[in-house]
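Mind having a look at this structure? Questions to follow.
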């Protein structure tokens, strides 16, 4: 792999090669965070269990954001959930990917005029793959995961980099919708 | 079910004999509604509780904005006699306040909290009815009031999806803005049932 | 000096062998358990993918003790694995494969991990550590009593010598058969050691969100995974050498190892998780009574099948 | 310098420190450093000379009365060097704590007096002198302990110590009766194996148990250790408790065991049996281990926890000494060293933390590691040794004890020994997690800082020694072999690096170096991978919720609640017993007062006259 | 500090649904606890006021994702009560089939969910496999796997497809044949019994105080307090079935009742398939185009026995094209909010997620 015979590889090239190798492992072992933000989570158990058996793809549920690679935003996000989602997303270790489920994450879906539900997820956190439908079938859920793997392979799943680069933009959007992300109230001393 | 009619009759007799009921409505053989005055609510509920209606099924309110009144609804249920009883009472909208029924039905605690959160009705006697429960950092009038428009709120706070390609009108004659306005007016038409 | 270096290199080789062996077998076992659960299960090399993926990620750290503990944990376990005989004649440090070294050197790794987990500042991690230590208090004593019986009977605590002694007795002259009560206790204790249900109270995702692992991600988690694989290698190998007659050659070792690990996995896949005090009470009831009974009849009455 | 001179000089230095302390508190404390260092170096010279076969007469007596004879034995040297070392190390802490006492000058004087007393106990061969110095130590401790937190602790310490002292006194009387002399060795030799020997053994055991804090005479120890001034706790636990071990060796090794079971049961089975007395002491030791472990798990005060761990380790020493044999005795003696070093280091580390935070309660502390990393490392090394994990000294001794237990097939003792060994893992981890690790609590954030150099120095020296005892134990084991030869026990088989037990070979150096190789490999793996991002301690997994209070995120109180719940009903049996006894004594006292000391003085005078008359009846 | 604070949810493997339990824990005993609801608040009650009657049909199943059909049924019943509609006979039976399949589905899911807190994942996998078959049957009937929008005011959307009975029978036979296996794997398993026997109690007094309904109540008071029996809707009065009850209200009793209800549901579906007459399946709720449907003025409270208890819709109509006010009584509202505050304290931390799970706390119906 490392042919240094005539032209030694530059540091960038070596990094790129390592990154590609890392991508191979990452896309074959996507650990998703168990965070059921909304109703589309009900189609995850069939995807996890015998009917579709997500573990064939190397995917599995993980308990905490530190361990997980993929954040599944399963459906509508109320403001309360969005706060916690952003906090959880920021706790994940990089590289991290986001999959948005259902029409609610794309444009608000059936709750487009609700006072409590945001309309567009990728204003607040970068989303790599959307799975449309209300609710998306298990087949489309699985297809979404395969798409994510392809994106990782083609180095297009760069949402987490985007979150670094345009952090101010995301933060401004979050502030506009939520006020403060980390709230203090009687529940949160 | 031969004795179920007598169940509703039993309730009617029970309540109407002792209290002045503004309106009695027998919805079907399992349900009956009383409209009563605000002062009578607690004693009627105590009476019902001692007569076997031990379960508070639901507590909420209706915003009659045209009458400038809130209507508070208590629904209680008796598992042995199988009759749901609605107790409804009207409150003035500006200073809506009714004593909590916490001493009678301990289960009402969170229903009252929620009714306060969504309508702004005060429930003195409930220790923490004023705390926020479902909403977080809410900055507008209580959302279930009729004069609250969620679409307006949503448009103000949450940006909507901007489509890069206009799938509605491809030839570009009608701008996105116009198309959206047309959609909204159509929707408004539907909302009023086609009647202008 | 060169001898010493070669021995240490051989020891590193043993640890690496253990890691590769256990990781592959764990992958195969995930498939087997998947079949029990009516599904296909992952690829057999999925565990390798997971570990290398974790190592490739950019993680977070909660201070130097968080990292130091992980290094100490992995280092302690690698060090322990280096003493492990693979077959009864193939080992890195002949003559020093004393049973107590494994039991106590493994504890360094545990201590490192416990330290690191507590150092993350998450109470769930501390609860997990507390449960892990309590579980250790539960399963270790009955197991040690059974091993005491064996050592007292044979007069040696060297794993390879024990293996050779069992092989010399003829076919299937294994301690798991010779000391049947002790064998049962050892199997139960091994389930506790390996953290198999019903004794896995310390990972318990539904209660304490995977316990000690709660704050780990990226390379620290990857290293703990490696540590876990090697720990399992050490514990299962201990069982093979102590109770299943060691191994004449490497093939037997792998077969016995695979059989033990798979059997335990299959058993554990149909059990739920007990509460931590139930685990302690369980181990201090039947396994301890059985172990002490076994020790009495073997040492004082001399009844050995 | 002779032993006599050394003791006299020490006593004089004690007085000097008192007057110095009246003049300036810190200078008085510095005198304790000088005095204890001086004593340690003198004892070290003495040991060196003795090992080289010097002919200098250390036993000469010039200034003291004639009956005060001294003998420098290997056993005495062994204990003296260990104990004076602990005294010397701990004395470095004294100047930093003088501010906290009501009577600092008295503290300094008593500190040195107890050192002198210890020297006297270890070096004398006269039973009455031994008793005198024994009491000297007890009384010094009695007045030091109340300078800490609790006066009640001192009372309980005194009560149990007095019980031990009286037992020792009766044993001395019996030996004097049989041997006709107050010579220690002659006395022990004369009663060994006889009926009186049994009584002597029981009485000496009571004395040893009370000093060592063994079951059922253990209740004073945690109270005293936990409540003593911070620098005196390590001395109590690392040094003074070892007086008990010294007496135990006299009782269990110097006296022949009684109750031959082999002849009773030997014909039924192939297994070998120990003597009944050995079993009895071993079972009491085992119960001590279990009790100490279970109680230590429950404690909230870190010092009390360590105190109970001293109880538990005292149990190990008793088990080892009672089993005897070369392996058991060597294990016991090595455990005395390992535990003295480890517990001194651990107490010092806790003391260093308490000095800045003002508390040693684990529920009030947390996250000290971020400001006191070296203290943390010292504590870590100490507890690794205490838990008996390689590559520290505790492993060697526990390995030897396990070998002895297994070799004798003591199943029930083994249950206790293994239980204590794993249990020690549980309780020593608790201060580590609750006090040093976890969330950094805001109330201690500003106060905590790295301790001054002279506090770090003894801690670091102790830590290095703990590692040394774990990696190269053979030099010390050689010395222990000398001690055992003096005691008439076969030597332990040791090679250049290896230790030969009955069931296997241990190569501590190899274990340590392999462990080092493992850590090196892990470190290389760690360092070549991507660097981690540093986040704060409060940025942890909270299931997605927000929390801002450090205390709510720190798990320290009721750490082992699930396992505590299993035995909390049964654990206080001995405490309850002593409480009842205390009530009975108080009742009795009231009764006496009611009858004799009434309001009318003439009644009291009458009774006094009657009693004196009764006592003098025969003599007049 | 005497306590530490731990969280169960929203992002926690032990919490089913997006809600958060804040627990103040001393050692491992929960001292105080609160449920923090509202993460799934979508403003349903407001949204329904803003939707046409016919549009609401697509909105209401989304109130509670695990059990959409009871929502549809309660909504339809409320509309029918106000509009005084008579539903065709066949539609009643189809509704019962759908409701019982829904009950089977959620009982399987929550029985499998028992595997989550106790770590018996095999049970979870097996149960979800069977649930998936039910979803496939639903897909054949309604075209959707989860949100069926099938039970509409005035009947059901369309008739059952031809030949679906065969699928149903084969599934029911299969499930019945493996019923004992399920029991052996789950609640007869000793390691599970150690967790759920004699613990997580819900005594009678507490039931009445909180207003718990459903299995939680029946397993405590030992009376068949099931809305299907007490005030029969659809045609439950013409079907024979038992209501499993118990008087020892530990978690085991609740799970046991749940499993017995599976058998009853199987029997109900079979009876329905036999008794089902032929005929229409739907009547319009008012004249004219669907977009212009109106419902006369009136109040109604319609309730359905869901898997967790009384699931009710309180509906007010002012005679217009939109509902004037719709209130939803979530079945797990009492135990979810007040129960967590009052009766989760005192429980062990180990049992917290099992408590939530066996009490049947479902967050979407609390938040709405």
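When the chains are written out, they are named A, B, C, D and E in that same order, and each has its own residue count from 1.
Methods note: contacts are C-beta pairs under 8 Å (C-beta built on N, C-alpha and C of every residue); 3 or more make two chains touch, one makes a residue touch a chain.
Here the structure is a predicted model, which is why all the values come from computation and not from measurement.
Q: Which chains are in contact with both subunit A and subunit D?
A: Of all the chains present, those in contact with both subunit A and subunit D are C, E.
Q: Which chains lie in contact with each of subunit B and subunit E?
A: A
Q: Among the chains, which one keeps its Cα centre farthest from the Cα centre of subunit E?
A: Ranked by distance of C-alpha centres from subunit E, the top chain is D.
Q: Write out the two chains that share the greatest number of C-beta pairs in contact.
A: The chain pair with the largest number of C-beta contacts is C-D.
Q: When you take the mean of every protein CA atom shown, which chain's own CA mean is nearest to it?
A: C
Q: Which chain lies the greatest distance away from subunit C when centres are computed from Cα atoms alone?
A: Result for max centroid distance from subunit C is chain B.
Q: Rounded to a whole Å, what is the gap between the Cα centroids of subunit B and subunit D?
A: Going by mean C-alpha positions, subunit B sits 73 Å from subunit D.
Q: Please report how many Å separate the Cα centroid of subunit D from that of subunit E, as a whole number.
A: That gives a centre separation of 64 Å.
Q: Counting in whole Å, what is the centre-to-centre distance of subunit A and subunit B, each centre being its mean C-alpha position?
A: The mean C-alpha positions of subunit A and subunit B differ by 38 Å.
Q: How many angstrom lie between the CA centroids of subunit B and subunit C, rounded to a whole number?
A: Result: the chain centres lie 60 Å from each other.
Q: Which subunit E residues sit where two or more other chains touch them?
A: 4-5, 10-13, 22, 28, 36, 38, 41, 43, 46-47, 50, 125, 129, 348, 367
Q: What residues in subunit C touch two or more of the other chains?
A: Where subunit C meets two or more other chains at a single residue, that happens at 37-39, 56-60, 123-124, 127, 205, 209-210, 214-215, 218, 275-276.
Q: Can you tell me which residues of subunit D touch two or more of the remaining chains?
A: Those would be 539, 541, 543-545, 547, 549, 552-555, 559, 562.
Q: Among the chains present, which pairs are found to touch?
A: Contacting pairs: A-B, A-C, A-D, A-E, B-E, C-D, C-E, D-E.
Q: Give the list of subunit E residues in touch with subunit C in this complex.
A: Interface residues on the subunit E side: 4, 6, 12-14, 28, 115-122, 125-126, 129, 185, 189, 191-192, 194-195, 348-354.
Q: What does subunit D use to touch subunit A in their complex?
A: 539, 541, 544-549, 552
Q: What residues of subunit A sit close enough to touch subunit E in their complex?
A: Counting only subunit A, the residues touching subunit E are 33-39, 41-43, 45-46, 48-51, 61, 63-65, 76, 78, 80-81, 84, 88, 110-111, 113-117, 134-135, 137-138, 187, 189.
Q: Considering only the defined contacts, which subunit B positions touch subunit A in the complex?
A: Where subunit B meets subunit A, its residues are 131-132, 135-137, 139-140, 143, 148, 150-151, 153-154, 157-161.
Q: Where on subunit E does subunit B make contact in their complex?
A: 37-38, 41, 43, 45-47, 49-50, 52, 81, 208-211, 213, 223, 225, 230-231, 237, 291-292, 294, 299-301, 303, 310, 312, 314, 316, 320-322, 324-325, 327, 329, 333-334, 337-338, 367
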